[in-house]
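Dropping the structures in below, format is structure tokens.
In the two complexes below, chain A is the common chain; its partner is chain B in one and chain C in the other.
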Partner chain A sequence: MPREIDLLGFYMPTLLPVFILAFALQWLIDSLLGRLGFYTHVWHPSLFRFSLFVCLFGAMGLAFYR
Partner chain B sequence: MSATPLPAKPTASTPTWGEAWRDWLGSEVPAWIFVAKTIFAALLALWIAFRLGFDSPRSSMLTVFIVAQPQTGLVLAKSFYRIIGTMAGCLATFVLVGLFAQQRELFLAAMAVWVGLCTTGAALYRNFRAYAFVLAGYTACLIGFPSALHPETVFNTAVSRVSEVMLGILCAGVVADLVLPRALGASLVAMVRGSYREFLGFVTGALRGHLDHDAMERSHDHFVANVIAFEAQRDAAYFESPDARVRSDRLRLLNAGYMSSATSVHMLHQMMQRLRRLGRHRVLDQLAPLYQALATELIPEEGLMPATAAEAAPLARRIAVFRAQLPQRIAAARRAVENDGDKAELLDFDSAADLLLRFTEEMDEYTTSYVALSHPGTRAHRRAPSYVAHTDWITALLSGVRATVALLSVSAFWIASAWPSGAGAATIACVFCCLFAAAPSPVLAVRGLSVGFIWGLLAAFVCAFVVLPPLDGFPLLAAGMTPFIMVGIKLLTNPRTAGIGAGYNIMFGNIIGVENITRFNPLPVLNDGFASLLGAGVAALVFALLVPAETRRLRLHMVRSLRRRVLLACFGGMSGLRHRFENSTRDLLGQLLAGADRAAGEDRRLLARALSVLEAGHAIIDLREAAALGTLAVGSRAALHASVRALARLFAKPTQQRREQALEGVARATGRIEAALEAGEVDAAERAALKRGRVGLHLLRTLLLDDETFASLSAVENPAATTASGATHAA
Partner chain C sequence: MNPKSLLRFLLTGAIFAVAIVVAIALWRHYMYSPWTRDGRVRADVISVAPDVSGIVVDVPVHENELVRRGDVLFHVDAERYRIALAQAEAAVAARKIDYELKTREAKRRASLSGVVVSSESQDSSASSASAAAAQYQEAQAARDTAALNLQRTAVLAPVDGYVTNLDVFAGDYASAGRAVLAMIDSHSFRINGYFEETKLPYMRVGDAVSILMMSGGPTLHGHIESLARGITDRDNPSGPRLLADVNPTFNWVRLAQRVPVRIAFDQIPDGVVLASGMTCTVIVKPHGMQAAAPTNSQNDTATAPKSP
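Moving on, here comes the complex of A and B:
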């Protein structure tokens, strides 16, 4: 996988679309968990959400940079 | 610890040490936590920007200052709109630079038009949505001015600007959400519960006749402010947690229910007042038990108010049962009036009973949507209408023209004097024009920000040329800047000094000039600082001179458009009309009340006018619904439409002659509706609509005959109040 994407002559780091993708995925999971009432059992919901995002982004980023 | 002689009975004048300590804990500790969080986020953004080698790391720090808000939801909402605005501004710059880079006059003119458009948008929208337009306007200046001289760099400038802003937003959002977060959701819940309880108390008080006219007016003033504040919080809480997103529809429904119940309880109250003035005792005697019964259902004597949405569930069931029984009860009471009353009394009874029925329906809806909030996963029980803000195109376009003129005049000065800092001045003028496009008193706001600018410039100067030169490395840089930043953020926490704080932060962040290669040269710092001050000065001048935003004339225009809201009820498209009319009228009233001179009683006159407008508008909508019936004879339908047109003419410009014409039209329409009702060729649903139309006509007739109402609508729009407020602004 290339580390930069050539977008009309502009070199964009691959991590940027990965970031956006991870964000969208996190938003989806977050909405689902919120609808299920999962966050009532979590001590620090925003910390959980942030960690979830770090996990998603980290996993996806590592997959590309391996 | 107790230092007072009477620890058991502390008086208000001498609080005990314990009380003072708790008071300090309650108010100051959250403020200092906010200060610490913001400084941490700003320094974090600055450090990352240095590590990544951004062109101007201070932009990231500045972004943190700008999006800093005490509650997480507000930070995220402001950040979201900041991103959108920045992106739109970038795209606009590409187009403008691509088209006009060779011609500076053309380029600046096109830029001025773009800024004017953005300002118009900022004046049309509310809250953080307006902020996106502000950003779109000034990002274009920020990127466009430097790159117009070197068009080949525009793309790089734009990319680094976007990266810096994004970094600042990420740091601000993550720190706000993770470190000792203060959720907006919590305050939203408190607000929902508080306003429901307050409304319930108000309604039962009104139904039991415990409230006088003053208390009624004060509560209404409060309701209007609540509706607007609630919508702003709901909008921002959307970004905060999935919990708020799931409930967003229901919260909107709740706010709509709140508005319409507040209007119908007021209409009911007005109707009772009028009946009392007319001496319709037989009608009042028959209605009183119904009111008492409803009040008892809402809060039983000595009963407790429901503290949460879940606790309100039994109340919702009681109201639903009462709503189902009410038509029978009304029919029974009507028979008593029918037996020994005349036709006019019967009509009065019908009107009052219809209002009671309508209020019960709305209270039922309101309580149902309140109870629905307690379930985590359910959707709204019916489609939630969106919030309809009152937007005034004339004021918005004027703000746009104002911004265009400000930018053009600064640009002209820039070209004529070949001033190296002209770009900075033009940018600041543009920021101010966009930012305060919709502010009730922009000159005062600009003044506050400018005072902050001066202090920020001084602080930045001291910091950059006295404190920082001997320091080396990022930890020392952070330590050296922290005391200066602290002052600015602390100023933000107090609403009275927030404007000054914002100015201080912007100036300090801009001028301190922490770059990867540090240059200690006071001259450009001073030049930039003075350029910003000049830009602010031009903005203030434009606000004060060019179609002044605070003049009597503009205010009169708004007060007049409050009356003209009725025209929306007369001619607007029928689908969702009731909500649109109600919502936009209340929104406009809220805008007017925000700048009203309370000492001179202007708020009372505005409220009286708005409530008459709401009454008339709802009656007209009833009438139009009756006129839309298919089985109605063509002549009758024409008569109904003619009466609506006569009313529209009256509300467009009230004169004695138009008042008589409107009365005539109402009388003719009443005759037609009665004929249609007697003809007996209508089914039950149509009969109900026709009856409602007749009740509406009766209400309109009473309104038109009432001299007090007519005076409140036609009075030359509050001359005493506006001159008084003009004087305070001038002082």
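Moving on, here comes the complex of A and C:
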């Protein structure tokens, strides 16, 4: 997996699209969990959301960097 | 009520703990794993200069052509050197006759008795025979030099490689010692990876390396051949009157300097075009990680589809 992507001549880290992808995924999961009423079982919803995003992004980033 | 609130707390706490671990892992990987985007393809560049001066009469090679060692790159006009060789050969012939004459003379005088020829005359004829022998040798050496000059009018490729920056054409005057073209040794391609000094502890000679060219193409493989043992100390150029001129740097804000690491290709696949100076990304697989890498990547690829 290349570590940089060429966007109209700008080279940027592959982590950037990974970040955007993780964000989209997070949004999907978040709306799903919200609809299912999962957040009533969570102590601190915003901390949970943030942690979920970090987990998603971190896992995908580590996967791409191997 | 109480166990339920404990569950709520545990759920959030657990995912928060996992997030911290993952974030640290990613940070460590990004900041400390030995890789750099600042890699350059390098090759030996030979500046080819003629050994003798003269007008260039013929340039049989073309720019960027692959030539073999010993192929003719260009010819310097040989006429002058041919004449010089003929002259030197004539001098050799003259010296030879002179030498033979003086030797005969010395022999003859030496065989006569002391009554007919004085011993001084015998002595001087023997000396002049020796001097003629030395001059004969000198003329032979001059002829060899002339022959060598004539031979060097054909400038040969010193290595297998590519003719680059061909700046000589038929009719040019080529001066001895002034380079007129560069040759890239085709067997000497390698990578110089400029690694931050903070990443050097994670690298060892012999470590496997993946190379991704900026131009794309397949991943190339190599290994660390050696690490440079010196770079310029930019903070301490010697100032005027030989006093130190130390830069007043910030205590905390500083850039890791970069140290060149020489990387040899294991094998260059067919179809991969390398040019000295090209940019590439270099990823080192350290000793410890090398064995663990396949299992890790399997784990990661397994978790990646699971997380959605």
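In this section, the second predicted complex is superposed on the first by the 66 of 66 C-alpha atoms of A that agree within 3 Å, B and C clash if a C-alpha of one lies under 4 Å from a C-alpha of the other, contacts with A are read in each partner's own complex, and residues count from 1 in each chain.
Basically, contacts are C-beta pairs under 8 Å (C-beta built on N, C-alpha and C of every residue); 3 or more make two chains touch, one makes a residue touch a chain.
In this text the structure is predicted, and so the values were computed from the model without any measurement.
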item: Combined model on chain A where chain B meets chain C, clash or fit; value: fit
item: If touched residues of chain A are counted for chain B and for chain C, the larger one; value: C
item: Which superposed partner A:56 touches (first chain B, second chain C, both, neither); value: second
item: First (chain B), second (chain C), both or neither touched by A:47; value: both
item: Partner chain(s) touched by A:65 [first = chain B, second = chain C, both, neither]; value: second
item: First (chain B), second (chain C), both or neither touched by A:37; value: first
item: Partner chain in contact with A:3 - chain B first, chain C second, else both or neither; value: second
item: Gap in Å between nearest CA atoms once chain C and chain B share a frame through chain A; value: 6
item: Those residues of chain A which chain B touches in one complex and chain C touches in the other; value: 44, 47, 50
item: Contacting residues of chain A [partner chain C, same complex]; value: 2-4, 15, 25, 28-29, 41-44, 47-48, 50-52, 54-63, 65-66
item: Complex contacts: residues of chain B adjacent to chain A; value: 72, 155, 159, 174, 177-178, 181, 241-243, 245-246, 376-377
item: For the chain C and chain A complex, residues of the former touching the latter; value: 5, 7-9, 11-13, 15-16, 18-20, 22-23, 25-26, 29-30, 33, 35, 37, 212, 281, 283, 293, 296-297, 300-301, 303-304, 307-308
item: Residue ranges of chain A touching chain B (in the complex, touch as defined); value: 10, 30-31, 33-37, 39-40, 44-47, 49-50
